[in-house]
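Across the two complexes that follow, subunit A remains constant while its partner is subunit B and subsequently subunit C.
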Partner chain A sequence: MLHVELVLQGLVNGSMYAVIAVGLTLVYGLLRILHVAHAGLFTLGAYITVLITNATGSLPLAVAVSAVTVGVAGMLVYRLLYEPLLDRPPYVALIASIGLFICMEEGYRIVFGPYGNSFDTMQLTERINIGPIGMAAADAAMLVGAVVLLTGLGLLMKRTRFGVAWRATVTDPAMARAFGIDTVKVRYVNFFIASALAAAAGALVAVLNNLVEPTMGSVPSYKSLAIIVLGGLGNVGGTLAAALLLGVIEAYGTIYAGSFLDRDAIAFVFLIAVLMVRPQGLFATGRP
Partner chain B sequence: MLAVDGLTCGYGRVLAVRDLSFEARPGEALAILGPNGAGKSSTLMAVAGQVAVSAGTIRFDGEDVTTLSPMARCARGIALAPEGRRLFRDLTVRENLIVGGYVRPARDTHAAMERVLDLFPRLKERLDNLAGSLSGGEQQMTAIGRAMMAAPRLLLIDEVSLGLMPKNVDICYEALDALRRAGLTIVLVEQSLERVLAMADRVIVLESGRLAWAGTAAEARGNPEVVRAYMGGAAV
Partner chain C sequence: MRRTLQRLALAALWLTPSAALAQDVVKIGFHAPLTGFAAADGKSARQGAELAVQQANAAGGINGKKIELVVYDDEGKPENTIPLANKLTGQDKVAVVVSGGYSGPTRAAAPVMQRAGVPYLSAYAIHPDITRAGDFIFRTGMMGEVQGRAGAKLVGELLKKKKVVIVAVNNDFGQALTAGFKEVAPKFGIEVLKEHTFAMPDRQFGPLVAQVKASAPEVIYAPGYFFNAGPLVAQLRAAGVDATIIGQEGYDSQRFIEIAGKASEGVIVTTSLDRDSSAPATRSFIENYEKTFKDRVDMVAASGNAAATVAIEALRKAGSTDPKAIRDTIRAGTFETAIGTLSFNSLGEVKKAVQVQVVKDGNFHRYAVIDDLGFLAPPEK
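Entry: the complex of A and B
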């Protein structure tokens, strides 16, 4: 029974990592940019969710508004920050992204205060029992939310003409352009979807912890970078698998190694161990 | 159909093609021959809009397309099957074909794909395979099929037979011949002189980026100037 609960808890955390990291890997796959500021958008999504839920009383409305607003914010980040830097070496965009992330954290601190905000009424506090297994409704929402979002993304990429164009652009932008694909539009849609996913993850974490704070993006930021390396840079399927695996390993590590290792430290011990054996990540596709 | 006048193009400061003029008439197959580095592929890329033009004009059906984007040229009916095929390796054959037809309305995709599969029946069983997993011959068929999905009136094709087994070269040339007979204008760059002279109506020979010879395929056979430029003195 302990193992079932540990795996479930791992999958809940892994789902959150997956939703953030898949967005990050979408940006990396298309532009070869390590979009650190993605975690800042995750935090923005969490804040908007709490503020709108408290103002309207409707969590679903808040999540929807948050996803759309943060999606648009992601497109602005691309237009104002990355697009002017596309011809520069990748580390320039990386430094700019780190700078933006720090600015966003400080901005949240100034606007929303340093101590964090909570829902006026705690959300999804019920407990759901499926046979002998019980879990908090917030945990279930995280799992189901991640499955719905990532399945939707998978269907969009695999089953639609736009999704095919998107993947063609990732593979060879010049050839994609030559066949009439609007690669600029693909980039904007890419940033919208990746950022909306970050917002949804932020909203779910806000519900899970009943707390949003300016620095809540820090740990997901470096952990999701670790996940996309583990998954093989730019590999969406690998990122998903790595996120879930990391979540489960953290859950087990907290029980069996928690007395001498912090949960986040466990994740990075795992990352270091994997990279020593497979420097290209667990699911590398062969393209850097 | 295609009129190139005084074309000069290259990569940065290196000019690959200088002051080149030629034309391709409707429904004909024009071969561009020449030794390595003569500027054959650069000429095709310039016509497709993939290489910037420094001087000269490219007219297609009377319209000056010199400064148009590759996408705009594709929409007007110019399609390229480039050197090395440049397939989308992580996409399936079906998806590669869908991308090829992206410039046309989505409702036309199915019919265009059927035409490509009639041309290359072997691709039917490969539709759901990744392009990167195909043999060289199948990749070339996919590259030609992908270009044909845009329903072009001018097909630019680079190195049809390079690295292919003779049987696959036959299949590709049979398909090109069928397309030409159906009215498609084809400009092709090819290493295999025998093959290209069997199919082409007219030939131009490039040397160091300049036009060295132009004439019909019949005139090119055994012509010492063509032989010197292309074969380094060997008989055709």
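Entry: the complex of A and C
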């Protein structure tokens, strides 16, 4: 019974990692930029969700507003920060991204205060019991939310014209342009989708913890980097699998190795172990 | 020549007012994490200390001189604290320094203060080595192990429960509390079934909750901070765990109750601040803090206020800014503060009662007071 619950809890955490890291891997796949400030957008999504829910009383409305606002914010980050740096070496954009992330964290602290915010009334507090296995509604929302979002993303990439254009741009931007694909538009849409996913993850975490804080992005910021490396940089499916696997490993690690390794250390021990055996990550890279 | 004179005159103009001002103020140094991961506690500590200074100034300052609080941000980082400790002692020439910071920065600053011979008061950092830096270093907050002992007494003697699971934050705060708890647990017949740790940034405790549920304890002793404890308590209750949860001063913030919601009801904490106290110093602090900052009091604010109050009182009683006189005044004196009546042992550790508070109807209230000072006695060396 304990093991069933551990695996379930691992999958809940893993699906949170997945929704954040997939956005990150989308950006990396397209632009070869390690978008650390993605975690800052995740925090923004969480704040907007809590503030709008408290103002209007409607969580679904808040999540929708948050996803759209943060999506646009992501497009602005691309336009104002990354686009001017595209012809510089990738570490320039990385440094800019880290700088933006720190500014965002301190900005949230100045605007929203250091104590963090909570929902006025806690959301999704029910408990769902399926036979002997019980689960908090917020945990279930995280799992279901991740499945819906990532399935939607999968369909978008496989079945739509945008998906074809996106994959073409990732594979060979010059050739894609030659075939009449508007690669600039692809980049904007890419940032919108990635950032909206981050906002959704932020909203789900806000519900799960009933707490949003200026620094809530700091752990996801580096852990999602580890996940996209594990998943094979730029590989969406691989990222998903790596995130879920890491969630379950952490769940077990917390219980059986927690006395000498903290949860964040477990992620990196796993990363190092995998990279020693498979330097390309668990799965092949999106683009060689 | 004329130019030199002009320059000298300018320099004199520039120097005179500040030199005159310097005689009219007494400076108290202060550092706390105003940015970064611990900014919430930094803000509370700072507001607590500022309130003490404001009130003392409104009452005429120290023997006619105004008090100035010189505030620095230590970011919760030891490496940032050493330069600013040097700045406080060397450049700002403060008479006393109050730490509103965590153990890391406070431990780093303590030897600097000791070498400079500046009295240093730690408001709520709990590491045992802080006061061991020397005779100028004092602690107005409880040591972790003292509070851990109080926790075991609460479980074994007041609640009469035996089966405990410990879930602690994996830093010096959690370790010291766990050590104190386990040190005296056998004396009260307490059996520790399992021990788990979590990291300070953790907010999701699903796997730990599953494990705690499987252990089926009577009591969960869970040292952590309000931002861990809020989600932890909510997740334990959501999973149907109904064991009594014992927290510590890290829980002591209205934010804990806001985050955990109804799940916080019945959680018992050991802390420094008694919300239901009738002592004038405590009542006046709670009322003035809530009026001034439009926010609820917490343990950190009360501790920052208490440490600043001791500093101000010591300056007043010593009647000078001679560091040795201030040190001896703190050592020999008794101080009425927001967290009760304080006096110090030979190591500079505070001697005071432990407050036990329970969450009831969305507020902290008095549950008990553990005032067996022999049992709680901090180490003397």
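Couple of notes before you dig in:
Basically, the second predicted complex is superposed on the first by the 285 of 288 C-alpha atoms of A that agree within 3 Å, B and C clash if a C-alpha of one lies under 4 Å from a C-alpha of the other, contacts with A are read in each partner's own complex, and residues count from 1 in each chain.
As a working rule, a residue touches a chain if its C-beta (ideal position, glycine included) is under 8 Å from a C-beta of that chain, and two chains touch if they have at least 3 such contacts.
Predicted model only: the values in this text are computed from it and were never measured.
Taken together through their common subunit A, the two structures put subunit B and subunit C side by side without a clash.
Across the overlaid complexes, the C-alpha centre of subunit A sees subunit B and subunit C at an angle of 150°, to the nearest 10.
By the touch criterion stated above, A:G134 is placed in contact with subunit C alone, subunit B being left untouched. In the superposed model, A:A176 lies in contact with subunit B only, and not with subunit C.
For subunit A, the partner that touches more of its residues is C, with subunit B and subunit C as the two candidates.
When the shared chain is aligned, subunit B comes close enough to touch A:V164, but subunit C does not. Legend: residue contacts after superposition of the two complexes on their common chain; A:R32 is shown touching neither subunit B nor subunit C.
Closest contact between subunit B and subunit C, by C-alpha atoms in the overlaid model: 37 Å. Taken together, the two complexes place no residue of subunit A in contact with both subunit B and subunit C. Only residues 1-2, 5-6, 8-10, 12-13, 16, 106, 109, 113-116, 118, 122, 125, 127, 134, 136, 138-139, 205, 208-211, 213-216, 218-219, 250-252, 254-255, 258-259, 262-264 of subunit A touch subunit C when the two sit together in their complex. Interface of subunit B with subunit A (complex): residues 48-50, 69-71, 74-75, 80, 82, 86, 88-91, 95-96, 98-100, 102-103, 106, 109, 146, 150. Per the touch definition, subunit A reaches subunit B in the complex via residues 161, 164-165, 167-168, 170-172, 174-182, 285. Contact residues of subunit C toward subunit A in the complex are 35-37, 39-40, 42-43, 170, 195-199, 201-204, 206-211, 213-214, 227, 230-231, 234-235, 238-240, 253, 255, 258-262.
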